[in-house]
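Labels run A, B, C and D following the written order; every chain starts at residue 1.
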Amino acid sequence: MPSFATPLDANTIVDIALLAMLAVIVVAVARTRSLLTAIILTSVYSFISAVWLVVMDAADVSFTEAVVGAGVSTIIALGAILLTRSECSRIPWRETLLPLLLVTVTGGLLVYAALDLPSLGDPSAPANIYVGRLYLQHAEHDIGTPNIVTAVLSSYRGFDTLGETTVIFAAGLGVALLLGFGERALQDTPRPSMAKMAESGQHVVLRVSAKMLIPMISIYAFYVQFHGDLGPGGGFQAGVIMAVAIILHALVFGLQETMESIPPQLARGLSAFGVLLYAGVGVVNLTNGGNFLDYDHLFPRIFEEGLPDSHLVGGHHIWGQHFGILAIELGVFLTVASTMVTIFYAFAGRAPDLSPHGEG
Amino acid sequence: MSFLLGHFNYLIVVFLMMGGLWITFSSRNYIKRMIGLALFQTSVGLFYISLGKVAGGTAAIVLDKTSKAGEALNAHLSPDYVARAGVDGVVYSNPLPHVLILTAIVVGVATLAVGLAIAVRVREAYGTVEAGEIAELDRTEAGPRA
Amino acid sequence: MSEVVTWIGSSLAVAGALAAIIGSLGVIRFPDFYTRTHAASITDTGAATLMILGLILISGWSVLALKLAIIWAFIMLTSPTAAHALTNAAYGAGERPQLGPWRLFDRDRKEAER
Amino acid sequence: MNAFIDFYAAPPGLTAHAAPLLVIGPLIAACAAALSPSTRSAWMISVGGTIFAFWMALCLAGEVARNGVVNYYMGGFAPPLGIAFRIDALGVMFALLISGIGVMAALFSGHTLEAEIMKGKRRLYQSGFLLCVAGLLGLSATGDAFNAFVFLEVSSIGTYALIGVGVDRRALPAAFNYLVMGTIGATFFVIGVGFLYAATGTLNMADMSGRLATLGDSRVVEAGFAFIVIGLGLKAAMFPLHGWLPAAYAYAPSLMGVFLSATATKAALYLMARFLFTVFGPHLDFVGLFLTWVMAPVAGAAAIICSAQAIFQTDIRRILAFSSVAQVGYIMLGVSMASAEGVSAGLFHLFNQALIKSALFMALGGLAFNIKATKLSDFSGVGRTAPWTMTAFAIGTFSLAGVPLTAGFLSKWRLIEAAFAAHWLWAVGVIAVSSLLGLIYAGRMLETIFFRAPVSEERAGEARFGVLVPLWILAAASVWYGLDASLPVDLSTAAAQALGLAPAGAAP
């Protein structure tokens, strides 16, 4: 096996520069006592890591990190500090000693092992020559989608993705259990912050551009949804983008307005329905004689035989895979979008019945 | 030098992970701890992605080597290397870590949402999100606890 | 020919990057909230325009160019709106712009700090 | 596993897919419960879903008894490309345990949720409970390392919220700490899996194990091992990483106390045993060293220190929670012997503990209608006013303390035997001392409950019928297995064999 040295090319230089930025941000987050600053810096962290992920060829991950880390996480965290407080207390230096020890030991262990890893970018590293390479060789034939990440995500490891969708569903459930569905916002009289925005003529610029943006964002969400086979994207990213469009609507036009068009019950129901749809596809595969989530058996045998280029008559068996992936991506989309909206409703609808600036 | 270049990523990523972990361990504020946890989880993602990078590779979206983009990609690489590291004449980065980290990011945001929701409830129940003050309130208001 | 276009494109992209750096200098150096936001937002759109123009030139006529143009339109729509919303909110919250000559303001601030 | 060999619980078409249905059944039930129109229907779905899972676990038990190992390829892709479920005797034992306790907890939940959870949220609560069941079952069935992480999170994410929602506000910080520690644990696990992936290039556990055997030792593998053990140790509340557990179990709504105390830490222990013995294997030097010099002393310390801590608790649920950590110590002690006897004794103890702990929490939860407080002193004399509930509680406590004729006695006895066989005399001493401490806190609870005068006569009544049924099933089971332990012994011996540990005296 020929030895490999990481080349010092443009890629590597950009990689080093971005990682250095990330390191600076982590230090800044650790040092600041303002939670608002920490949250914005975390958002920046996510954004820069999204750029770094593109350098590392992880386009899908980058996309997800940008919409989730820099987008939705930030919104949730800002909602949380609005409901709690925006400063954290100073930590006495004595109390930092034990954490420092733990972190040093853990970090030491990590460095100890990391220096034994193959060099960055080594094509003959064990991680890169076995399963990963098999996917690259077989995905187009087995699944038929050019985006191999999508192929692996929704077909080879589709069961993981079912679990991931369930995790999101569970998170929506948990947040709803803890904070409700924003029902307070529906019961109470119009909330000043939201109502002022919607009624006074002050925010006319915001409202006009929001009216232009929301349809654009929604269309983009569908583009990402259906383009996921060909390029970066898929149900998860699309769901988050769709949720962002709805959240934008709520921010500009008021929570009540949004809740009237998308009631919390609907959002909650759809998030369960998405998981059901995903699991349902798997069960349909079972009843058609395949294994769970084997999309080759998505259609009954009789129907499949009638299709052109069917795998049953020796062609590519992409029909079942294609529609199976579409169906489960739709399930993911529904669950993610409606769960994100549920979570937003829960945080935004939780009226700050305490004073907004903490008890200080 | 080339060793450092090849392991620079891992060292920085370890630093990032430990930064997140340190924030989680050392902070007494619930929100700050969640931020630290989010950083920690994101950084673990960066670790995985570093494992899957292949030098001179491209994102794992099937590319025709005769297309314009394919030719542009292969222009910088020796044919020998492409033959060794590539699939059908194009070098791709390993897609498997990408898939895993997509899942992990989703898990991360789910954890963040639930954790912050708990923090909001703690604030409503105790009036504070500082661990020290909460422990103090539990001691004084709920009677002695072992 | 394509060589030249690529060079022009690259220099436009570099110019955009420089504009972004200048903008961030402004964010650090300008005296009050409004001028800082101004610096951030105007260079944001300006830098993005230059960069995207450069990238369109590099990529040539393709779907990619169209996508870049759409991204540009999106930035032109969102970035000023965001700046507007930000300053509007700040004004609503009682933040007032610092008026008067620069030096004077600088002195005022130092006195206030003392 | 002989008990299951002639066991055909379902038509073959269903049995062939029992592995995914084991997980998907409760998962679909969880969605249905969230969508269901009323609390009552959600409860029925919950009972139905867990019974379905138990049925599937029985089908799998039959299959495993006949064929040894059940392999199921998700999506029809054989590993290493696809995710595979790999269910052997050990997995079946946990699937049976988790789904069985799940059925009992679901039966129990009908009444207790009314007392503890707000009206509009009970459906969601049932849904979250079912997700937790599905996640833990997935954990016991999966043969893929990263899939295990996903199931770890499926079972945890909802749980954090379910612990926090209740009448006691102290549950909230407890849930938060659990969330932070649980997430760090799961993330450590992911780091460990990442190292193993870097070394082997695969995520399938069986494949990983095969490649590790040829690769041998390296720093990457060692670190992977360390992170996986620490991460799962956090999840399993392995001493000294157990800080989050007592508060989380003590203040959680009683359904969570019943279910989690019996299953959640146990599932993490299962996964750890899986990694220790099948992925790594005691033939690797560092695994053997770890078992003997780290895990065994730590387990012994847990058994003694946490039993002692349990004595000094004033809150009755905290007594049980500390006792849980101590019992994890016993189980770990058995596992760290790395012998067939030790591991099977540890698993037998785990089985008994699951039954006992859920029965005890169930008895306390059943009384939560009548007694709002949870301090031990509030329970004085309850044994007279609620004899049925508290007799079951007493049976559980006897078994916990290891009084002869109970299942708890048998499993401790087998542990001692295994320790003698391994020539670990200190372990025998540890078990003896810790059992003595166990007798003290058990005696203290029973003395307060049965022999003190009631605080106020009118408050403490019997638990409802719907609680008494599952409670007595569990109590009767722990008496029955004390008299005739053939089923759990059979299960745990087969499970230890499935880990590749042959009994020392067995003929080849």
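For the reader, a short list of remarks on this structure follows.
Simple rule for what comes next: a residue touches a chain if its C-beta (ideal position, glycine included) is under 8 Å from a C-beta of that chain, and two chains touch if they have at least 3 such contacts.
The structure presented is a predicted model; accordingly, all values stated were derived computationally and were not measured.
Identification of common neighbours of chain B and chain C yields A. Two chains share more touching C-beta pairs than any other pair, namely A-B. Between chain C and chain D, the centres computed from C-alpha atoms are 57 Å apart.
Rounded to a whole number, the gap between the C-alpha centres of chain A and chain B is 13 angstrom.
Chain B and chain D have Cα centroids separated by 30 Å. Each chain gets one centre point, the mean of its Cα atoms, and the points for chain A and chain D are 31 Å apart.
The set of chain A residues touching two or more other chains comprises 110, 115, 117-118, 125, 127-128, 131-132, 135, 157, 160, 163-164, 167, 170-171, 174-175, 178.
In chain D, the positions touching at least two other chains are 146, 150, 153, 157, 160-161, 164, 191, 197-198, 203. For chain C, residues touching at least two other chains: there are none. Under the contact rule defined at the top, the touching pairs of chains are A-B, A-C, A-D, B-D. Looking at the complex, you find that chain D touches chain B at residues 146, 149-150, 153, 157, 160-161, 164, 169-170, 172-173, 175-176, 179-180, 183-184, 186-187, 190-191, 194, 197-198, 203, 309, 312-315, 318. Listing the residues of chain B that touch chain D in their complex gives 17, 21, 24, 30, 33, 37, 40-41, 44, 47-48, 51, 96-97, 100, 103-104, 107, 110-111, 114-115, 117-119, 121-122, 125-126, 131, 134-135, 138, 142, 144-146.
Interface residues of chain A, counted against chain D in their complex, comprise 109-110, 112-113, 115-118, 125-132, 134-135, 138, 142, 155-160, 163-164, 166-167, 169-171, 173-178, 268-269, 271-273, 275-276, 279, 282-283, 286, 290-297. Residues of chain B touching chain A in their complex: 2-3, 5-23, 25-32, 34-36, 38-39, 42, 45-46, 49-62, 76, 81, 84-85, 87, 91-103, 105-114, 116-121, 123-124, 127-130, 132.
Listed in rising order, the residues of chain C touching chain A in the complex are 74, 77-78, 81, 84-85, 88, 92.
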